[in-house]
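The structures considered in this document are given below.
Each of the next two complexes has chain A plus one more chain, namely chain B in the first and chain C in the second.
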Partner chain A sequence: MEQLAQFYAVYGSVINFIGINALLALSLNFTLAAGMLSLGNAAFAGIGGYTAGILTVHLKAPLIVSLCGGSLMAGVVGLLLGMPVLRLKGVFLAMATLAFGEVVRIAAVNLDITGGAEGLTGIPNITRTWMIFLALALAAYFMATLRRSRIGWGLISIREDETAAACLGVDITYYKVVAFTIGAMVAGFAGAMYAHLNYLITPRDFGFFIAVDLLVYNIVGGTRIWYGPILGAALLTALPEILRGVGVAAGPVRLAVNGVILLLVILFLPNGLASLFTRLRPVAVKTGRAERT
Partner chain B sequence: MNLSVDNISRSFGGVQALMDVSFEVELGTIHGLIGPNGAGKTTLINILSGVLPPTHGQVLYQGLSLHHLPAHQVAALGVARTFQNIRLFPTMTCLENVQAGQHLTAERPLMPRLLRLPSAGREDRELEERARDNLVRVGLGDRASHPARSLSYGERRRLEIARALALNPSLLLLDEPVAGMRRGEAAEVADLIRSLVQGGMTILLIEHNMAFVMEICSCITVLNFGRVITTGSPDAVRRHRDVIEAYLGSERGDA
Partner chain C sequence: MNLLAQQLVNGLFIGSVYGLFAVGYTLVFGVLDILNLAHAAVFTLGGLSAVWLVQAAGMSIWLAFPLATLLAGGLGLLINAAAFAPLRRRADSQFSGLISSIAMAIIFDAAALGLFGARSVRFPPGTVKVHVWQIAGVTITSLQVGIVLVATLLMLILTLFLQRSRTGKAIRTVAENERAAMLLGVNVSGIIAFTFFISSALGGAAGVLYGLYFDSLAPDMGRAIELKGLAVIILGGMGSIPGAILGGLAFGLSEVLTVAVSGTSNLRDAVAFTVLFAILLLRPSGLLGRGKLREA
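On to the complex of A and B.
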C-alpha cells in the first residue's frame, strides 16, 4: 500500500496525462469509427479547456458545471462545424479540420478573454485522478455500447462503404454529424479536465502536433475497438518515462522511438495493438494477410 | 401503381449515358434490363436507387416520385439493391453484413443498451435470428461467422442479396446477380428470385446471362447506347430485329 502511494507520488502526473490523452484519443475514435479523418479534436479540447477555465476563473462556477460547460461548448461548435464540413471526405476533411484548429489557436492568441498568448492563468488544480478515469471509463463504456446500437451500426457501415450504407437506408450526413459532435463533446470534456489539472491553458496546448498525436494513438492502439485508442495513448504517453527508466533521455530520441513504434504497428499489426487481444479480429487479420501475399 | 421510369436522361459531362428512357415495371413480377456493355443499365439502377440524380425525367414508385430523393430515403420506401462491383462490408462477418442491412427494420435504441435492459438483448437475439434466416435463404447458412472477404465470388453476390433482403424491400434491384456463378449456383439464385416474387416482391434485374434472363423474366427492357430499343416478353425481345442487331451487329455492318 505504501509502495503504491509512493508510485503515485512519483508518477501521478503521468497517470493523469495517460487518462486525459486516452480520453482525447477515444474522442477521435468516434469520428474514425465512421471512417472520417479529423484533425479537429485537439481544437475541440482547447475550446472545452478555455470555456471551462473561463467559467471557473471568471464566473466561479463549480468544477462539474465548468467541465460540462466546456464539453457542451465544444459540442455546439462541433455541430456547427460538422454540418458544412462533413460533406468533405478523406484528406479534404483532414485539411478543413486542420484549418479549423488553426482558427481556434489564432483566436485564443488574440482574444482578451482567453488571456492571449500567455494563456488563461489562475485555474485551480482541482481535477483528481479518479475523475479522469471515471470519465474515461464512462466514455469507453459509451463507445463500446454505441457500436451495438443503431447509430453504431450505421457509423461502421459508413466506414466500410458509404454508397452501400446509403442504399441500406443510413442517412450518411446525419450520422457523421452525430459522431463528430459526440467526439467534440468528449474532447471538450477532456480539455476541460486538462485545464483544471495544469493551472493554466495556453494556445499551444492543443495545436497541430497534439491533433496528430491523437491520430497516432488511434493507429498504434487500433481504431476498431474501444480499448484501442486507450492502449495507444497509454503506451505513447508513458513512453518517455519508460525510456528514462532504461536510461534514455527525453527529446529527439522519444520522437524517433514513437516513429519506429508507429512503423512497426502499421507493418505488422494493421489493426493496432488491440488486435493482439481480440478474439474475433485475428481471423480477419489473417485473411487480410493471406490476400496481400 | 407500378414502378414507372419516365423520360429519364442522364449525362456525364459530354457523354449522354441515358436518353429519354421510359418503361413500366409491373409490381410482383421479374423485369429484366439487358443491353450491350455501356448501354446505361447500371446508370439507370443508380438513378432508381437514388445514388445518382437524373439530369431529366422522374421515377414513380407506388405513386410516389423518387425525384431527387437521396439514397437512404429511397431505401426507406422499400427499394433495396445489389451492386455490379459487389460492395460488401469487407471486415465484417457474413452475419454482421446482414445485421448492418437491418438498419431500417431494426430499432436498436441506445438507451436500453447503455442501461443493459433485457429488451435490448432480446431485440439483438431476434435480429440475429432473422439475419441467420436471410443467410440460410441464400445458401450461406454455414458461413455466418466467416469474414465477408473470405467468400468466393458467387458467395459474395449471394451475401449481397441476403443483406438487401434484410431491408424487407418491396422492390429489389439486382445488378448482375449471377455474374461469375457456376450454372448450379445460378439456378439456385433463380429459384430464390422466383420465391421472392411469389412472396410479393418486385424484381428488376440486369444480367448478361441470356439463358437466365429469358428463363425467369416475364418482361424485358433492352437498352442500347442509352436508349430503350424495346420492352416486351422474352419471346418478343428475342425475335426483335433491333435487339439482334444491337447484340450481333447488322449485316451491312461497317465494322
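On to the complex of A and C.
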C-alpha cells in the first residue's frame, strides 16, 4: 500500500494526463467511428477548457457547473460547426476542422477574456484523479453501449459505404452531426478538467499538434473498439516516462525512439494495439483498389 | 502608398517560397491522395543541412543549395520506402499513411535536433552578396529577386517536366489511375518513389530559400510553414500544381496585407484561415481543383 502511494506521488501527474488524453482520444473516436477525420477536437477541448476556466475564475462557479458548462459550450459550437462542415469528406473535412481549430486558437490569443497568448491563469487545481477516471469510465461505457445501438450501427454503415447507407434509409446528416456533437462535448469536458488540473491554460495547449496527437492515439490503439483509443493514449503518454525508466536519455534520442515505435506499430499492427487482445475482422488486405472518378 | 507597394512586393517574395513548399506537398497528394506530413521536417532538414554545408564544409551557397536539395530528395525516397510503400495495399492507407508520415516527421525532427542542435542558426554573413535597389520608393534586394527567380525557375521546370517528359507523363498517369498505369506498363512503385524524390527536393529547396530570406533557421521552423502549406494547397486545389503556386502567392499577399491594413500582426493567420474555411464550404475543390469531392 505504501509502495502504491509512493508510486502515485511520483507518477500522479502522468496518470492524470493519461486519463485526460484517453478521454480526448475517445472523443475523437466518436467521429472516427463514422469514418470522419476531424482535427477539431483539440479546439473543442480548448473551448471547453476556456469556458470552464472563465466560469471558475470570473464567476466563482463550483467545479461541476464549470465542467458541464465547458462541455455544453463545446457541444453547441460542435453542433453549429457540424451542420455546414460535415458535408465534406476525407481530407477536406480534416482541413476544414483544422482551419476551425486555428481560428479558435488565434481567437484565444487575441481576446482579453482568455488572457491572450499568456493564457488564462489562476484556475484552482481541483480536478482529482478519481474524477478523471470516473469520467473516462462513463465515456467508455457510453461508447461501448453506443456501438451496439441503432446509432452505432448507423455510424458503422456510414463508415463502410456512405452511399449504400443512404440508400438503406440511414439519415446520414443526422447521425454524423450527433456523433460530431457528442465528440465535441466529451472533448470539451476533458478540456475543462485539464484546465482545473494545470493552474493555467494557454492557446498552445489546444493547437494543431495536439489535434494530430489525438489522431495518433486512436490509430495506434485501434479505432474499431472502445478501448483502442484508451490503450493508444496510455502507451504514448507514458512512453517518455517508460523510456526514461529504461535509461534512454532525454533529447533527440528519446524523440527518435518515440518516432520509431510509432512507425513500427503502424507497420506491423494494422488494427492498432487493440488487435493484440481481440480478433477483429481483418482490414489489412485491400481486395481491389477503388477506382477514382 | 509606398508602404503598401512595399508590402505587396514582400508578399510576393514570401509567397513564392510558400508556393515552392506547397508544390511538393500537392505533388504527392495528387499522385497518391495521401498527405505527407513529414514534408515540413524535410523542409527543415534541407535548410539546416545547407547552413552546415556553407558553414562547416566551407562550400559556396551555389554548391550547397543543389546538394541540400538532392539530400532532401533522398529523404523523400526514405519516407516512401519506410512509411508509405509498406502500407500501400492496406484498406485504410489514408489514415495509416498519415500516421506513418507523422512518425517519420518525429524521427527527422529528432535527427535535426541531434545533428544541428536546438539553437537557431543562420547562414554566415556574406554567403550571398546583397545589393539593395530603390525603385520608386520600394526597397528590393538582390537576394529577394534571386529567391523569386530560383523558386519560379524550379516550378517552371517541374511544370514542363510533368507536361512534356516521358517520366512526367507516367507520373500523371499514375495520379489519374494507378491500375490503368500498371496495365500500360508503367513502373508504378518506381514512379511513386521518384515523385517522393522530386516533392522532397522541392521542399528542401524551399527550406534553403526560407532560411536565406529570414536569415534564421531553427529545428522547429517546419512547424510554422506546415499549416500554411496545407492552407495553400487547399486554396489552390488539392493536387493542382498551378493552384499551389497561385495559392502560395495569394497566401503570402494576404498575410502582408492583413498586417498592413490592421496595423498589427495578431490577425495575420486568422484572416488566412477564415478564408480557407470559407473556400472549403463554398468551393471545396479549391481555386483550380479538379472538382473531385468524393474520396475513393
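Quick notes on this one:
Rule of thumb we're sticking to: the second predicted complex is superposed on the first by the 272 of 293 C-alpha atoms of A that agree within 3 Å, B and C clash if a C-alpha of one lies under 4 Å from a C-alpha of the other, contacts with A are read in each partner's own complex, and residues count from 1 in each chain.
The rule is short, and it goes like this: a contact is a pair of C-beta atoms (placed from the backbone, for glycine too) under 8 Å apart; a residue touches a chain by one contact, two chains touch by 3 or more.
Please read these numbers as outputs of a predicted model, since none were measured by experiment.
In the superposed model, A:Glu102 lies in contact with chain C only, and not with chain B.
With both structures placed on the common chain, the touch criterion links A:Ala43 to neither chain B nor chain C. In the superposed model, A:Gly251 makes contact with chain C only, not with chain B.
In the superposed model, A:Ile182 makes contact with neither chain B nor chain C. Of the two partners chain B and chain C, more chain A residues are in touch with C. Under the contact criterion defined above, the residues of chain A that touch both chain B in one complex and chain C in the other are 283-284, 291. On the chain A side of its complex with chain C, the touching residues are 37, 84-85, 88-92, 95-96, 98-100, 102-103, 106-107, 109-110, 208-209, 212, 215-216, 219-220, 223, 251-253, 255-256, 258-260, 262-263, 266-267, 270, 283-286, 289-293.
Looking at the complex, you find that chain A touches chain B at residues 141-142, 145-146, 148-151, 153-154, 156-157, 160-161, 163-172, 224, 283-284, 287-288, 291. Only residues 49-51, 70-72, 74-76, 80-81, 83, 87-92, 99-104, 106-110, 113-114, 124, 147, 149-150, 163, 166-167 of chain B touch chain A when the two sit together in their complex. The residues of chain C lying in touch with chain A in their complex are 29, 33, 35, 37, 82-83, 86-87, 89-96, 98-100, 102-107, 109-111, 113-114, 176-179, 223, 226-227, 230-231, 234, 238, 266-267, 269-270, 273-274, 276-277, 280-281, 284, 292-296.
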